[in-house]
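Paired with chain B in one complex and with chain C in the other, chain A is shared by the two complexes that follow.
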Partner chain A sequence: MSESPQPDPDRANLHHVTAADDIADGERIIVEVSGREIAVFHSNGEYYALSNYCTHQGGPACEGLLGGTLDVDDDDELVWACEDEIVACPWHGWEFDITDGTHTASDEYRLPTYDVHVRDGDVYVEL
Partner chain B sequence: MGSTTEQRIRSIDDLDVIVDTDFHLTERQEDIFPYLESPFDELLNSQQGDDYGYLGRVYPAHGMVYSVTIGKADSETVRTKEDIQKGRDLVEWDKAIITPTQNLYLGAVHHDDLAAALATAYNNWLLDKVVDPDDGLYGAAIVAPQKPQKAAEEVERRADEDGIAAVMIPSGSVDPLLGHESYYPLYDACERAGLPIKMHNAAGTMMTRFPSTWQAMDRALPVHATSHNMMHQTNLADMLTRGVPERFPDLTFVIQESGLGWYPYFMRRFDHDYMGAKWDAPMLDKRPSEYLKDQFYVTSQPVEGLDDPQYLNETIRHFEGEDSLMFSSDYPHFDFDNTGELLKILRSEFTSDEIQNIYGKTAERVYAFD
Partner chain C sequence: MGHRDLTRSVPDGAEPPDWLGSDDPYAAVDIERLPDWWHDAIVEFRAHDLPPYQPPRFADDVLVPPVVSETEAAYNTEIKLMGVNVNHGDAWGVWVNGEVAATVERERTTDGYTLYEMTSEEFVATVETWVETEMR
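And then the complex of A and B:
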């Protein structure tokens, strides 16, 4: 994500999504850009864009519940982590980290991600 | 040990080494009672008493109407070195990990401290009467899962004994399951000692772990056909979820006497579920099946499907058995496998080196023979 205009990306690659205020923190919207369904999340003050097509079996991955997950700390004790950064595909419960598209359990599956730019109160994704 | 890659393996005579990873004693409690230590020596060995014909048995009897136990079929007794030699002549192993029979029920003994004392007594007897590393006779030190801390101490006591090549948990009646943190001192002791843990159930121990299921299957056949693999799947699922192989990365487990087909099924089944439930097993850094391939081994007997070579070869390939399957005879138990039976099938699929692995080379790497 980039909030500053420099270096200026090629304007043709930027696609307007919505006004930044339209996506409250912890929310998302799903838009179609150049034939692709893309989810734009607003989470913990940052914006993230991911493909809404699950790499598992094609489910609408980004329409699932957004939350955190259990992890272990250095002492192997259970801790809550990644609040509002884990989306669970509604088809099979596969969980993805919206900050980089990675599947929580495997490097073999990953949702494609797109750069997000916020300019003058508007949100753009770069394709 | 030169390369055997070029040599075609036609029979067991062509094998460099045969290691039987599950060769049973049929010990009686009277064999090991004299080896009890205080206070159970005094408690159990002072007076004869009248046990009404059965109450003197401290190991719970399952009461299953089973062909061997009711005298419908004959099975060898293995309580002395002479008995062992008789079985060795049949199975033709070079080395064996000698395992118990009655003490497969140790985890069901209804007195935790006595169970720990019986483990110690069995190991005393084993070292005194059975083990002989110069002759290839190695033992698995047994531990009582009822007392994990004492089990850890038992491992430490036996770790430097010549001829103790593994530790055995009678895993069929463990409570809690083997992923529980109460066992971590035991795992830590085994890992430090470099001793793999053999997990071995007995069909009858299911009576304590799946009591209502046991009651419902009121014959020996359904119990024996299902309980071994069912209990192993239950323990493995618990151990993986709680991260036991991640917590003890240098510890090796050996899964015994449960057949093969369920194992590649379980790998894939558990991986499949894990993909949607990573939050429930946050200790893991790899797929569950990768931990199984890296730290778990399987012994062969009883191989199902000897009349279906394609099934058996494919099944073994499905869990990379060329690196993780180890021959075992299970002698003298009634479903033991003759040494050459599996080999006849493996020849059509596996290379000579892979067959050598399955019959002995992998076991030589896994067990603490030195």
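And then the complex of A and C:
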């Protein structure tokens, strides 16, 4: 997410989504922009935008459960991490990190991501 | 209000070409000749090894982006097809100038495009009704 410098909303590649207040923390909006579906997540105080097309078979990747994942801490113990940062495609369960679009199990797959700008209380995505 | 009657015609470029139904739809297509929104989506999908990009469609098989653009221009409005805090299977909203004018069911088909359960004529009529009611 970028709040400074302020984006120029007249830029052709900047697309208005909605008022920032419409996306509470932990929630998401999915919007069609220029023929593509883009999910905007508000998670842990940050905004992230990802493509809503799964790299597996084109399913609606960002419409599934939003949760966390198991990770290994410094003591090699399994810990629950990344709460509200992992989304699972509802078709076949492929999981992606909403902060960077990467598949949780393979660096081979990554959803397209977009910069999010917040200006004067409105959310914009940059394509 | 003197607007052109968009419900009785399909905008240029909104009818899906025959080649769009093939497994490799862009194999014999010069994508540089497609509209920018379409070209850019193809390029992005290719860059991420996604299945070939397929534009969203209304229930009457009309492509969504040209209809939305033309309707926005005709009524001088901002139109969004958008789901707020939605889960899989939830209806989305047809948002006009930041307000929900109607809800619309939708699904992602196995061919990889979104199909809205509203015809292009119904979509335009929804916007027209909203404009005549709310912007009078």
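Definition applied: the second predicted complex is superposed on the first by the 121 of 127 C-alpha atoms of A that agree within 3 Å, B and C clash if a C-alpha of one lies under 4 Å from a C-alpha of the other, contacts with A are read in each partner's own complex, and residues count from 1 in each chain.
Just so we're on the same page, contacts are C-beta pairs under 8 Å (C-beta built on N, C-alpha and C of every residue); 3 or more make two chains touch, one makes a residue touch a chain.
Please read all numbers here as calculations on a predicted model, not as lab measurements.
Colleague: Both complexes share chain A, so when I overlay them there, do chain B and chain C fit or clash?
Modeller: Superposition result for chain B and chain C: fit.
Colleague: If we overlay the two complexes on their shared chain A, which of chain B and chain C does A:Gly35 touch? Say first, second, both or neither.
Modeller: second
Colleague: Tell me the contact category for A:Thr55 with respect to chain B and chain C: first, second, both or neither.
Modeller: Touch partner of A:Thr55: chain C, not chain B.
Colleague: On chain A, which partner's contacts cover more residues, chain B's or chain C's?
Modeller: Touching more of chain A: C.
Colleague: Based on the superposed arrangement, let me know which partner A:Leu70 touches: chain B (first), chain C (second), both, or neither?
Modeller: first
Colleague: Which partner does A:Thr104 contact after superposing on A: first (chain B), second (chain C), both, neither?
Modeller: Once the two structures are laid over each other on A, A:Thr104 reaches chain B alone.
Colleague: With the two complexes superposed on chain A, say which partner A:Leu78 touches: chain B (first), chain C (second), both, or neither.
Modeller: first
Colleague: Can you give the closest approach of chain B to chain C, taken over C-alpha atoms and in whole Å, for the superposition?
Modeller: 16
Colleague: Under the contact rule defined above, give the chain A residues that sit at the interface with chain B and also at the interface with chain C.
Modeller: After superposing on chain A, chain A residues 109 contact both chain B and chain C.
Colleague: Of all residues in chain A, which touch chain C in the complex?
Modeller: Of all residues in chain A, those touching chain C are 16-19, 22-24, 27-32, 34-37, 51, 53, 55, 57-60, 63-64, 90-91, 109-112, 127.
Colleague: For the complex, which residues does chain C have touching chain A?
Modeller: For chain C paired with chain A, touching residues are 37-38, 40-41, 44-45, 47-51, 54-56, 64-65, 68, 78, 80-88, 92, 95, 98, 108, 110, 112, 114.
Colleague: Residues of chain B touching chain A in their complex?
Modeller: On the chain B side, the touching residues are 243, 247, 274-280, 282-284, 287.
Colleague: Using the touch definition up top, name the residues of chain A that touch chain B in the complex.
Modeller: 56, 69-72, 76, 78, 86, 92-95, 103-106, 109
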